[in-house]
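The following pair of complexes shares a single chain, chain A, combined with chain B in the former and chain C in the latter.
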Partner chain A sequence: MKQSILILIVLALLVLPMSIIYGEDAGDKETISTTTEVLLIYDQLAADTVYRDNLNTVETLLSALSRTAERSSIDDYRAGQMSGYQKVIILKNTENAINNPAFIADCQNYSGALLYIGFVAPGLIPSLDSVPISRQMGRTVSVNMNGLAGNSIWIDDLRVVDERPGPGETTIGVGTSAYPFSKTLDRLTYVPTLISDPGFALGLGEILKDWFGLATAAHMTLLIPDIYPFSDLNMVIETSNAFYASGIPFALGVVPIDDNMDFPAMARFYQVLRYVQSRNGTIIVHRPSPVTVSDGNAVLSEKMYAVITKMVENGVYPLGLATGESLFFDKVSNVSPLNLFSSGVILPDPGITEPGSKETWALSSASLGISLETIERTSSQNRNFGNYPINTTIVMPLPENEAALAAQLGVINNKWLSLTDYKRLNNYWTIGQNTITSSASGIRVNGLPVSLSYDEEPIEADYRYQKPPEYSLEKIFTAGNTFLLTVVGIIIVLFIVIVVFSRRVYLNKFRKIAHNEEKNEPVKTSPEQEDNTP
Partner chain B sequence: MNVFDYLMLINIFLIWSLLFVNIVLIVAGYVYYLKVEKEPPPEIIGEHPFVSIMVPAHNEGVVIVKTVTALLAFDYPWDRYEIIVINDNSSDNSAELLKEIQDTNPSRNLTVINTDNITGGKGKSNALNIGYQQAKGEFIAIYDADNTPEHKALRYLAAELKADDSLGAVIGKFRTRNKEVNLLTRFINIETLSFQWMAQAGRWQLMKLCTIPGTNFILRRTIIEAIGGWDEKAVAEDTEISFRIYLMGYKIKFQPKAVTWEQEPQTLGVWFRQRTRWVKGNVYVLIKNIGYLVDKDAKKIRFDIFYFLSTYFLLLTALVVSDIIFFMNMAGLVSTTIQGFSNLLWFTAFIMFILGVFIALTTEKGEMTVSNFFIIALMYFTYCQMWIIVTVYGVFQYLKDRIKKQDSKWYKTERFQG
Partner chain C sequence: MNRNMDNNTLQPEKKLNQSILKIRAWSFDYLLKPSTLGVLVLFGLLVVVLFLPPVIGMADDGSTAAIILGSNLYNLGELDPKETQAFFQKDWGIMEYFNDNGNTQITSQTPFLNAAKNLDIAYTWDWLFDIRFYGAVIALFYLIAMYFLFETVTYGKRSKWAYVIVGLGVIIFGDTAYSAWINSFYPQALSFILVIILGSSLILMGQEKLNDYLLLGCFFLSALLLCLLNQQYALLGLFLGILGINLKYVDKKKHYQRICVICGSLLILSSLAAFFIMPNGLTKLSTYHSMTRGVLMTANNPEQALEEFSINPQYAVLTGTSYYQAISPETMDSQEMETAFFSKVNPTGVAIYYLANPGQLYEMLNRSVDSSFNIRPAWLGNYEITQGDPPGTQTSFFTLWSYIKANYLPGNFGFITIWMGVLIGVYVRFFRKGIIEKNERNTLRFVGLMTWLFIGLWELYVAIITSGDTDTLGHLFIFSLTFDLISFVILGKFIHWLEKQLRKVDWEARKQAFKNRNKDKKKNQEQRGYRL
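Take a look at the complex of A and B:
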């Protein structure tokens, strides 16, 4: 009896740590969030106005903050829909009146956190009516946050909260005046103006981060997107070397190519990517915009599996995903295996968001893609650039030449950017037979650490392009082919003429018979005619 | 270049050469068609020649009544032709059926010769030789037991033969009675029309040569007497007798206005067996007469021997060998370095094939249809390929019989009701 108790204790001691380990593991591998957290309601897309990208901006920010949302227009809003959410965002891009009584009633009774962006509809949210608003026409403004002053832009119609901003608050600078970017009243947060501008997007990002209660420190990474096997790979190597020499960690957004994966060009491409990894570069999968891809989601997913597996086989370890925000509006099953990445860079999709109601999914961690120009035009109060309030990724196109590389490198160095190494973040995914994790301790494939050092490997002989076969009698056959094509062409024309001519002969031959048949007269077979009936 | 390259080169040359030979025949056949259309049907000048119509029949109860009835209805003086049905060792009710026809037509020259397994049952040639013993006509006409000739068929055949002493035989045209039954019979219908308007009409137009088709033809009694009857070893007695007629210096004319309708195989099995017999028979005749290819006195039949040789050996070998090399090349077992022709050329050749065959169909009532156009396209990939198999099999069977020193067995084509 004592022995059996002892065995149980031993087993319990063995199993308990394993279950803890397993529990941690399982928790880590929950890569996507599928519980919808926010209801995003918009009035109109406002396609012909400066507000046309607002819905896209809000969606992109939500994805960049790893939040899930359900999107609905006010017209499609169903009574009681809000009550299912702790948080609601209302985006009002126009001054048009609201014609959905259920929506109006629910707004007035809603008790959760509400973020209201844009034009105020009088009476819709009673507490909003009391917010002092200054409407200014034709102003140059900039959004300032975290000691960073954004690029000055022109706004025809500016609405700001007519109050003095609090210390450390994100502000909108108008000339020498500064106004708070938003106003919070109990459960309500109000952002009076949002337009298509990185400063406004980042300002809203900070508001959203606070609104969601995300206290984590933000980081900034660097991405060179749109890298194909047929990109200028020499420039990729040169850029990698330059960044490596400057101690700049960067990520390469590699567009998956599923064709000719065993061809030498692809082998050389993988070789370059391995080299990039050895130069402190991180590989992430850059999913091309669906607009430019003819394949359906199912086909695309299948190809992605093959491509990612092939990359790992070739010592290339993609750690995340760079993608447009529209991907998060697709069904999770449709975007597999991309949904299996834990992290990604969210890039605003070009064009206007497709209208209609949709739900999103989200990655565990993400960052907002911003252009290098945005960084260039942003001034910092400190010598160090510092960080934006939310995770950001600077998207820098592959330099076209050395001069461009030097210029881009100059921007990064001059700004004293604090860039985070993407692979030192906690990234993980399991696709097919491979599980890849990365953290400050390095990259692990199926639990085993991998070296990113680069050893030059000659491309195997099998991979060499085969010389086009040399044909015998090439000239004779080429000439013969032309000759026969001409002859056959002439014969075809002759045959067509004969067929057309035959039809006339045929009609003449049987006209009399047909005529008699029409008159229901028995056919009289003349000596000139064949009977031709069995 | 390696040995496979040379083989491919020869194959390409052969295939294209024979293709062009057939193009020439198609055009020549069409020219003949236009000529015939302009001419009035042949008329018998003077006294109608006495014609003995012979019908070899082995277990033909299903079709024999219809055939004999059609023969009795010929637009030809009753006293100037006789019908001799050789009921060759039949085990069905053919004898009873023929007796009934005889009884209902007492005034007609209808003779039925019933043979048993001692005197008969040895194939068509033997049956014809038996019938010939009783034939009284100066002209001999042959019809298969499944034929339904048109009323004037015999008149046209006899008129042509009587009008021209240089003709040893005149052949008519045969049509497919059961073409609507299934796809196979549609294929056969197109095949028979294109064969007759290309190979028969074309050769007649160019070289005054035709091959006797086995039915619906007439020939001079003197020829049969001179050659000593039908070669009983030949399972393609029609081809065999054609060669003998050429050698005697006679011509064989194609008269398309003399039409008979015959029943064609409705199942693949029957088709395969019938065509295998044809191949074996033609190979027998070819080998028997191959020597004439180099005989300077046999200039007239050289083309026909070459035509048969090219069809059954050269083209077949070229197709089979090129297919084998193609597949071995695909499997990586051999490699060829010759460039070959473009796909466009092969495609245009395919279009040419369709149009070429379609031209033959434009001559016949109700055949110039879109569906037939597509059936021809389909034939290229199915029926024509089946012919390759049949030809290979037939040649193989022939060689097997020769090695085992067996006489080729006569396969009697099965008939279908209707």
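Take a look at the complex of A and C:
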């Protein structure tokens, strides 16, 4: 009988962790596709030229379109690597010759979809050589798409396809003439010029979206990033009030801080975040700065679990992730639980792209972060701003004062932006004990709908910051203390007893002598005493 | 002929014998003296530790970049940013062309660096700077300083006990935790030497062992170099200058008194100038830590403490965090953080805050004393990356004293208070005697030790107000050093005293007394009986 119970327990122990591991695996699979969809090949990083951010731009766009990719430089390219992919992007940032014969051979034989960006290498792709190219030096250009004319920028070396653009196509406007942004020949798509500029990035975004065959309607959201517990919280409240009054849905990017999470200052911060939620704001979590969590991945993971659990406990429901694209180059297991979010905003990454080949993962849905200035400088044909071809999130820093708030609000209102409420998009995640979903019908935590109305909770006024230090073996020591105290008490009692008795003993010594003396001379004294007695 | 032969053959032998005897006498007089022998042993240790592979040094944390740029040196960037603190870097670059960097800094380290650089150029003719040349320059002065120190404790005597004391000195100050700093650009190595020379030259002057003018020169030169080492040391120059002027009471010679007054005033002036001219060298890192790892960490209510600095109380969430822990570098460098936080924190404000909150100061003193007993910061590695050790490995070769100090000495301020009590109790009578007898020279032994104590306590306080308990500026090193110096001198004194007491004792008489103790008892009993 005992044996069978033991066997049962052992079996249960064996099965239990496996089911947990299996559960985690299943969770990963939901959000991350296992094989990468596209191979991104670049020739050089082209640092110190206007093309230095191009690789970053393409990677950011791929992440914003939720595509996974493998990145490789031409020098690292292995023969046959291309044949494993249906789609290949070649980014050529320089006019330098290609020294990898395997790459040239594979390019000429490649039969899948190919997107070629940048300088043409003669002979590399035969059909490219026939495309008529007009090379113009020193031009002011703007990228126009979806009826939106982007900001005019100066380009030293402009290459365009020398053709008339088709109707509805994204174009590059040079003076009065317009050229197509890209040229499609059978399975080849060619983008002659790409530089670091939001207009070009969005234009390429549209090309990529069509290239991947993504038909979903694009949406635009608004994000106020980098909110710390010590940011100007009054301004956060004022901004959310102003947005609420204007009917603008917005999201607040909160930087996770896992220190001192039970301090009143933190409770006050959560209170403000709850207020923001009640003003139609959505909470989004920033990726912890990779510089600050250099201690290791376990630390990042623990930190994020703790922060998110604490947030949910306090009625703050983060629905998405705000991150730079470099996150997606880290292994999924290293960035957990950040990969469990279904949606995110891809912000420009300030870091320099690390060279080498790597694979990425992607979120289920994402949007490209663009600055408010980009919107401000873009002119629309209609009174209504319309929309960009791909999902975008306007990143608007927290206004420093009321004047700045009014100015920023003015920009948004004057443009007639059609902004989407972030929480109405379908977001979901399961982190630790909590599962959160959000949709047009509201936010649900563990399946139950939650109210976002704000109710002020009192904050502990007499919080004890200095915790009494915890000692190891404290119990043993206190037990030892009481034991010693009793022993000492007994000894003290004994001591007093001894003192008292020894005094008597000591005195008796003299008494004895006195007694002896009395014995010696009783004759003299006793009669007198007797005499004196009445 | 025979005589001539004899002369020719025997004379050289005789001469040889004589010269051997002379050499023997000389080496007995000079080389085998306890202090010289100690220095020779230290020299051997340094050669093994610093100059022969595996070369040991301190990894660079980037804080000295401005100083080495001032000597046209630069980091070759052989290590990743994450590795620089974990591994010691031996080779540095010498700039071949004009140094147009605006971020240079000239301190009293610069002449030593330049000397080392010129040595290197003369020796190797390449544009690589081997840090061991700088180590060699510093090591030379280190050995001189150690000779001074050993002279103070042995009084130039040649007893068994003197050798024991010097042996202890070698164990304490030859510890690799100290000597590893010599192979680095940190100011610690130089301050180590200067602090030792400062105090021991005063004590030696009191003992009249060496030439007064030489010692006076050593005192003022090392004081000047110390206060030009860094802006935070500059204020020490005021104290040392006043002390220097007061040295004129030691001797009645006119020249001597003039030198004291002139050099002392110059020292005060130059330290004031240095205080206002030199960049304060305080980085955001140390400013941040002075609040989060100091004021906020020990405050009963961090929010109130922040309000005293008129900072947004929400910053309380950063309590106890380190610079690299909670906030991304972009935010740290942002204008918002600058105006809301960094611009409102300065050492003076923090110093005043601690004086108003002595409880917190005491707590911080406890923490700082504890961390100062680790002479090497735990995050700086000692080995080169080519040695293949894991990042941040610190050597354990000849680190007995630093091990004992870090693990067994009670690291709290209460211990330091008792220790100061012992020090003052032992030495104040020399001072009193000197004052009463109007022989100021006798007070110098006490004054020298007090100078060390003052420098140590000052640095302890400066460390707390500038960088909390993290000591990214290396002040606690000086406190730790002065603690060792004073303890060493007291220990030397104690060993001498013990020797004297033991010599005084008449062992035979004691034996007799012990043997006769029973007879005495009987006698007493008889006496008692008689009395009774």
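As a working rule, the second predicted complex is superposed on the first by the 421 of 534 C-alpha atoms of A that agree within 3 Å, B and C clash if a C-alpha of one lies under 4 Å from a C-alpha of the other, contacts with A are read in each partner's own complex, and residues count from 1 in each chain.
Just so we're on the same page, a residue touches a chain if its C-beta (ideal position, glycine included) is under 8 Å from a C-beta of that chain, and two chains touch if they have at least 3 such contacts.
Note that the structure is a prediction, hence the values are computed from the model and not measured.
Novice: After lining up the shared chain so the two structures overlap, which partner does A:47 touch, if you call chain B first and chain C second: first, second, both or neither?
Specialist: Neither partner.
Novice: Regarding the shared-chain residue A:497, is it in contact with chain B (first), chain C (second), both, or neither?
Specialist: Once the two structures are laid over each other on A, A:497 reaches no partner at all.
Novice: Looking at A:79, would you say it contacts chain B, chain C, both, or neither? Reply first, second, both or neither.
Specialist: Neither partner.
Novice: Should A:230 be classified as contacting the first partner (chain B), the second (chain C), both, or neither?
Specialist: second
Novice: Quick one: is A:478 in contact with chain B, with chain C, with both, or with neither? Answer first, second, both or neither.
Specialist: Only chain B is touched by A:478; chain C is not.
Novice: Could you say whether A:509 touches chain B, chain C, both of them, or neither, answering first, second, both or neither?
Specialist: first
Novice: Counting only touches as set out at the top, which of chain B and chain C does A:265 meet: first, second, both, neither?
Specialist: second
Novice: Please determine whether it is chain B or chain C that touches the greater number of chain A residues.
Specialist: Of chain B and chain C, B contacts more residues of chain A.
Novice: Of the partners chain B and chain C, which touch A:245 in the superposed model: first, second, both, neither?
Specialist: It touches nothing on chain B or chain C.
Novice: Determine, under the contact definition given at the top, whether A:257 touches first (chain B), second (chain C), both, or neither.
Specialist: It touches chain C, and chain B stays clear.
Novice: Once the two structures are fitted together, what part of chain A is touched by chain B and by chain C alike?
Specialist: 513
Novice: Which residues of chain C touch chain A in their complex?
Specialist: 82, 298-303, 312-321, 324-331, 336, 340-341, 532
Novice: In the complex, go through chain A and note every residue touching chain B.
Specialist: Those residues of chain A that touch chain B are 469-474, 477-478, 480-481, 484-485, 488-489, 491-492, 494-496, 498-499, 502-503, 505-506, 509-510, 513, 527-528, 530-532, 534.
Novice: Along chain B, where are the residues that touch chain A in the complex?
Specialist: 1, 5, 9, 16, 23, 26-27, 30, 34, 37, 40-41, 148, 150-152, 175, 177, 256-257, 259, 261, 337-342, 344-345, 348-349, 351-352, 355-356, 358-359, 362-365, 368
Novice: Under the definition above, what is the set of chain A residues touching chain C in their complex?
Specialist: 226, 228-233, 255, 257, 259-260, 263-266, 268-269, 288-289, 291-292, 294, 350, 400, 465-466, 513
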